[in-house]
Amino acid sequence: QAEKPKDKVTLMLNWYLYSEHATFFLGKEKGFYAEEGIDLGIQEGRGSAVTAQAVAAKSATFGYIDVTTMIKAAAKGAPLKSTGVLFQVSPMSVMGLSEKNIATPKDIIGKTVAVTPGDSMSQMWPLFLKVNDIRPDQVKVVSGDGQTKLNAVANGQADLLLGYVMDQAIKLQDATGKPVTPIRFADSGVNQISSGIITHKNLLTENPDLVKRFMRASTKAAEAAEKSPEAAVDAMLKAHPKAGVRDTLIVGMKQSVALYHTQETANQRPFRVAMKNVNDSLDLLVQYGGMDASTRGKPEDYVTLDFLPN
Amino acid sequence: MLRKLLLCPALRPFLLILLLLALWDLVIRLFEIPAYLIPPPWEVVKQFVAEWPRLLSESWKTTLATLGGFGLTIVIGIPIAMLIAYSRLVESYVYPLLVFSQSIPKVAIAPLFVVWFGFGILPKVISAFLLGFFPVVVSTVMGFKSVEPDMLDLARSMGASRLQTFFKISLPQALPAIFSGLKVSVTLAVVGAVVGEFVGANSGIGYVLQVANGNFDLPLMFAALVVLSSIGVILFVAVDLIERSMIPWHASQR
Amino acid sequence: MLRKLLLCPALRPFLLILLLLALWDLVIRLFEIPAYLIPPPWEVVKQFVAEWPRLLSESWKTTLATLGGFGLTIVIGIPIAMLIAYSRLVESYVYPLLVFSQSIPKVAIAPLFVVWFGFGILPKVISAFLLGFFPVVVSTVMGFKSVEPDMLDLARSMGASRLQTFFKISLPQALPAIFSGLKVSVTLAVVGAVVGEFVGANSGIGYVLQVANGNFDLPLMFAALVVLSSIGVILFVAVDLIERSMIPWHASQR
Amino acid sequence: MSQVRLIEARGVAKTYQSKDGPVESLKPLDFAIQEGEFVSVVGPSGCGKSTLLKMVAGLLPISSGELTLAGKPIEGPQKDVGIVFQSAVLLPWRSVEDNILLQAEMRHLPKAASQARARELMEMAGLQGFEGKYPWQLSGGMQQRASICRALLHDPSVLLMDEPFGALDAMTREKMNLELQRIWMASKKTVMLITHSIPEAVFLSDRVIVMSERPGSIAAVYGIDLPRPRPLDMMAAPEFGAHTKLVRAHFFSQGILDH
Amino acid sequence: MSQVRLIEARGVAKTYQSKDGPVESLKPLDFAIQEGEFVSVVGPSGCGKSTLLKMVAGLLPISSGELTLAGKPIEGPQKDVGIVFQSAVLLPWRSVEDNILLQAEMRHLPKAASQARARELMEMAGLQGFEGKYPWQLSGGMQQRASICRALLHDPSVLLMDEPFGALDAMTREKMNLELQRIWMASKKTVMLITHSIPEAVFLSDRVIVMSERPGSIAAVYGIDLPRPRPLDMMAAPEFGAHTKLVRAHFFSQGILDH
């Protein structure tokens, strides 16, 4: 086995290192990738869109990004496909400091919400309001980038912000030292697939074996991470001591693995998304996500489960 | 003949736009850049036409913020430059502080603006001001320091006050330098306003850019960038025209 | 007496730093700014000391990228400015294009750099260059256009070639203006390098900033900003010293 | 003529500080100019005449000695003084007329009256028709004449002139000499005139100060007791010749040039 | 003296275009300067002398007529020419010596030889000791002398000088006059000299061109047939006086000034 030349593979993440990335470090530490003859390099990213473009340009072999972003790019002609969806439950949520007693969607009425214009959460926001029978004019919206949203809530200019449960919720808590209550969109039935693995379409035909091996290793890694989020975080911190504060990362990682399965896929291995879930996400993209209905296509155009282990 | 045609002032903007589009198209074909990286020009033109009313109204807001910041630049930057040029003490303390503040990327601190200035036009104006004012300060200091000693002697011999010397001698002589700073400043102010809109605003071209980015709508994003650049060009040309009318005596205008 | 102390060149940097820290502390106390918005100075100093080796090695990478971009600025910006100053045709086409490109916020297009240039030093250098070169072009054009007609007559009377006139007459006379552009440029190049690091680099102060930002480690973030500003100040002072040694004849130096 | 010492120098010297050491420009000088007196200064190029004039004007600090105007030490620019610099120093962004009116603006003089006077002076100097032109549209001599008009605009009681007529042709120069004499006699100004023309110095002055080569010192002071007003043809008179000869002889005795 | 017409003007006129309409500066002129000839131009201030000189130098386009040098139309700056401008035009970033050596640098002359010649010329002009000084550290007259040295550095066969001695005192001026005559006689240059001093024009020239008031035209041309070399005391000779009187009389006949 030692003679077998290893394939150099780059996995480009969606962002700088944070909790949900720990999965891949755990897989690397446990040697899952090496076993598959893969020499894995993990590359930090600068947003899902950039990683999508980089993978499309073959600057990276695989990407770990928000699959809906990839779908938008693919609809515009980027030769991309997802080979497995890790977050099948959307981490999107609207959150505020617990002291404000905003625990249910109805409590949002009359409050001020900070959003980042154009991002996937802001796009699903109207739907979230609709399914909860809240009129758009019953909430006040202010816009800002990620940091601004946190500042606004911490400082009282806004009561709530749209963010991910495993990301902003923890940051807000760390910054203010006060507990935070997130209201998940998914709990109101507004669900979209989220983080997953993507790659260039050509790779699927040129080197299907590599894709299979990579997905096999990644599946094992995800399973290991589900079992022990702490070990995953420790693996990441071992590789990158500056990646964050252990306790915080562990909280985030626990939140992350909770998104690995919907009820339908509860008994399946990670990455095996239900195509109905993908289809629903496409519907949402067309209705709310600015996707042109003529380019919608079928779930199979964007996601394939053919490379996943059984 | 061709030269004359190319230099004809009425035709120039159109030729320029054509040139730009041709260049763009050429680059895309030459490097085979796919549409999800850089959209082809006609797609952008299409989106441009379709979204025109919205782009227009949003660009108006960005322009307002830019002008506000640029106005602050003039009102604050030039007097500061004056003080730096005239007082060694001020120079040795204020100048380094300005330089210090200048190397901080505004995108990194802009999120704080919202906390202080809310979500209105103010944070944009301040961001535009912060990006724009340093070039004006540096150029103006240089301009004031280049004033010929002979002319200052002349003013002193007339018993001119500091203020008079400033307004009648130093300022006119420093004008070409000041305007060179203002030209840089005005284009940076546009960038500043947009950065301000990135971090906290519900309107403006920066907002459109962010939304387009989120939707992976590259044609809209590039249309917005074109609008932005056009705002920059128009403001630059306006400053240039003001310069020409204010310093017709300068060697560069003879 | 106090004035003398304040002006003493050896003490000045220390007094300045003290002043800065005091100001910072004052602002925080005065406006009761919570630590999650702006950390108190001593926290930053602590983090600064703790992370010093890392900050030093990362800042070195940022400085390299800055210098690379600044070098490009000089090598590309000044010749372009020359062409603009000497040819009406080039001026009427190239100048608007430059202005056009200038009003695009680099943060908006920088992500494309990653796709094209990867994660090496190249995207940082290019970003530093793009941010820095416009001020140099504008100032240099102004400098060349301000050259006195008398001196050009002198050169022509000596049968000087265009190149000779440029190097012996126009360039020296434009130097103060060029340097004023370079000073703005060098601080912007620092910002450019950092913006480049934001979008595509795994090292440098920009990277530290982003990571600190992601971890909500404000003291580290501010320590990084201080390092960044210091790089800016040092480079600015270096350009200033070169200026002083190159144009001791100028009115501003007498 | 009153006998009040308006300008008085006691041991006034000047050493310029330059990067390669001090440059001694003027050895200690002693002289006095009475109120209403017309004094010319002649001397070889580079002997320090302009330096002296700038110190009297309060534009250049003295290095040692005592320099007083009306008894008070000169420590900065003086108020009631008009200066013609050796170079015209016209502001390129102002028309000829506006350059002349700068004097009025700086001194807050009434506008209409100043304008009228500016027109008058320009006519006197032969600049009519060029009021609206910019300095670079003028010939060298015209620029110099414009700067003379500027110095006269506010009718100062002290006039300091550094080779004001150097760029003028003989006729224009003689005409300006006559004008200057007329103005001086009418308004009894105190005048200090630097010139390279010995006949001009003799023709206009009550006294001529002759300076020696660099570093400058006062070689001699000659009183010119010719009657006033002096017509141009007085230049042909033997007394006039005697005076110029005296000054000239003094010069050549320094052995600069064998005659 | 050879009889080759080196510089020839036929109907040369100049009208400046300015924002408020054209300014006629020179009416059509006809004149010729022989090779090796020393010609002076005198005329009232603003009559167009500097304009004429710049056109001969090829620095200013003519508005109409024909202007040739050695038979070829002057269309740009000429090579073998040395020019002294009315103002010194020294580069502020160069020392006096380097200002003079600029001429050598621009013309790619050998460095050592040029340096030696520059030192020689500076000594001739009384600038020794100021080689390393910057222009603003010189007196007005010294600046002018430096610009004369620069014009002579490359030993041009044609010398165009615009009031080169205007800022010099009488003695330095006479000394420079003698030097110029010596240089001219030794190297047989063709010289066109603009001056405001009629004695200087007569003393130095083969012919004196007298111009009339603005817009300038040629009022008269006088040949000066005094023997060479001319010592300074020739100025006292009656023939000399006759010449100056002729020129001067011509001037005053224009009624500029009653004598």
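Here the chain labels run A, B, C, D and E in written order, and each chain numbers its own residues starting at 1.
Here is the rule we go by: a contact is a pair of C-beta atoms (placed from the backbone, for glycine too) under 8 Å apart; a residue touches a chain by one contact, two chains touch by 3 or more.
Computed from a predicted structure; not experimentally measured.
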{"item": "Where chain C and chain D overlap in contact partners, by chain label", "value": "B, E"}
{"item": "Furthest chain, CA centroid comparison against chain D", "value": "A"}
{"item": "Dominant interface by contact count, named by its two chains", "value": "B-C"}
{"item": "Distance from the mean Cα position of chain E to that of chain A, given in whole angstrom", "value": "85"}
{"item": "Chain centre separation (chain B, chain E; CA means) in Å", "value": "50"}
{"item": "Between chain C and chain A, distance of the C-alpha-averaged centres to the nearest whole Å", "value": "38"}
{"item": "Centre-to-centre distance between chain D and chain A (centres being mean Cα positions), rounded to whole Å", "value": "86"}
{"item": "Junction residues of chain D, two or more chains touched", "value": "87, 136"}
{"item": "Residue numbers of chain B (touch at least two other chains)", "value": "37, 112, 115, 149, 198, 213, 250, 254"}
{"item": "Touching two or more other chains - residue numbers and ranges from chain A", "value": "49, 53, 57, 147, 151, 155"}
{"item": "Chain-to-chain touches, reported pairwise for every pair that qualifies", "value": "A-B, A-C, B-C, B-D, C-E, D-E"}
{"item": "Partner chain E, residues of chain D touching it in the complex", "value": "16, 18, 20, 23, 42-46, 48-50, 86-87, 126, 132-133, 137-142, 145, 163, 166-175, 196-198, 232-233, 248, 251-252, 256-257, 259"}
{"item": "Chain A residues touching chain B - in the complex, by the definition given at the top", "value": "49, 53, 56-57, 69, 72-73, 75-78, 116-120, 122-123, 141-145, 147-148, 151-152, 155, 157, 289-291"}
{"item": "Touch list for chain B against partner chain C, complex", "value": "3, 6-7, 12, 15-16, 19-20, 37-38, 88-89, 92-93, 96-97, 99-109, 112, 115, 134-135, 138-139, 141-142, 145-149, 176-177, 179-181, 183-184, 187-188, 190-191, 194-195, 198, 206, 209, 213, 221, 225, 228-233, 236, 250-252, 254"}
{"item": "Residues of chain A defined as touching chain C within the complex", "value": "15-18, 43-44, 46-47, 49-50, 53-54, 57, 59, 147, 150-151, 154-155, 171, 174-176, 242-245"}
{"item": "Complex interface listing, chain C residues touching chain E", "value": "150-151, 153-160, 164, 168-169, 172-173, 175, 247, 249-250, 254"}
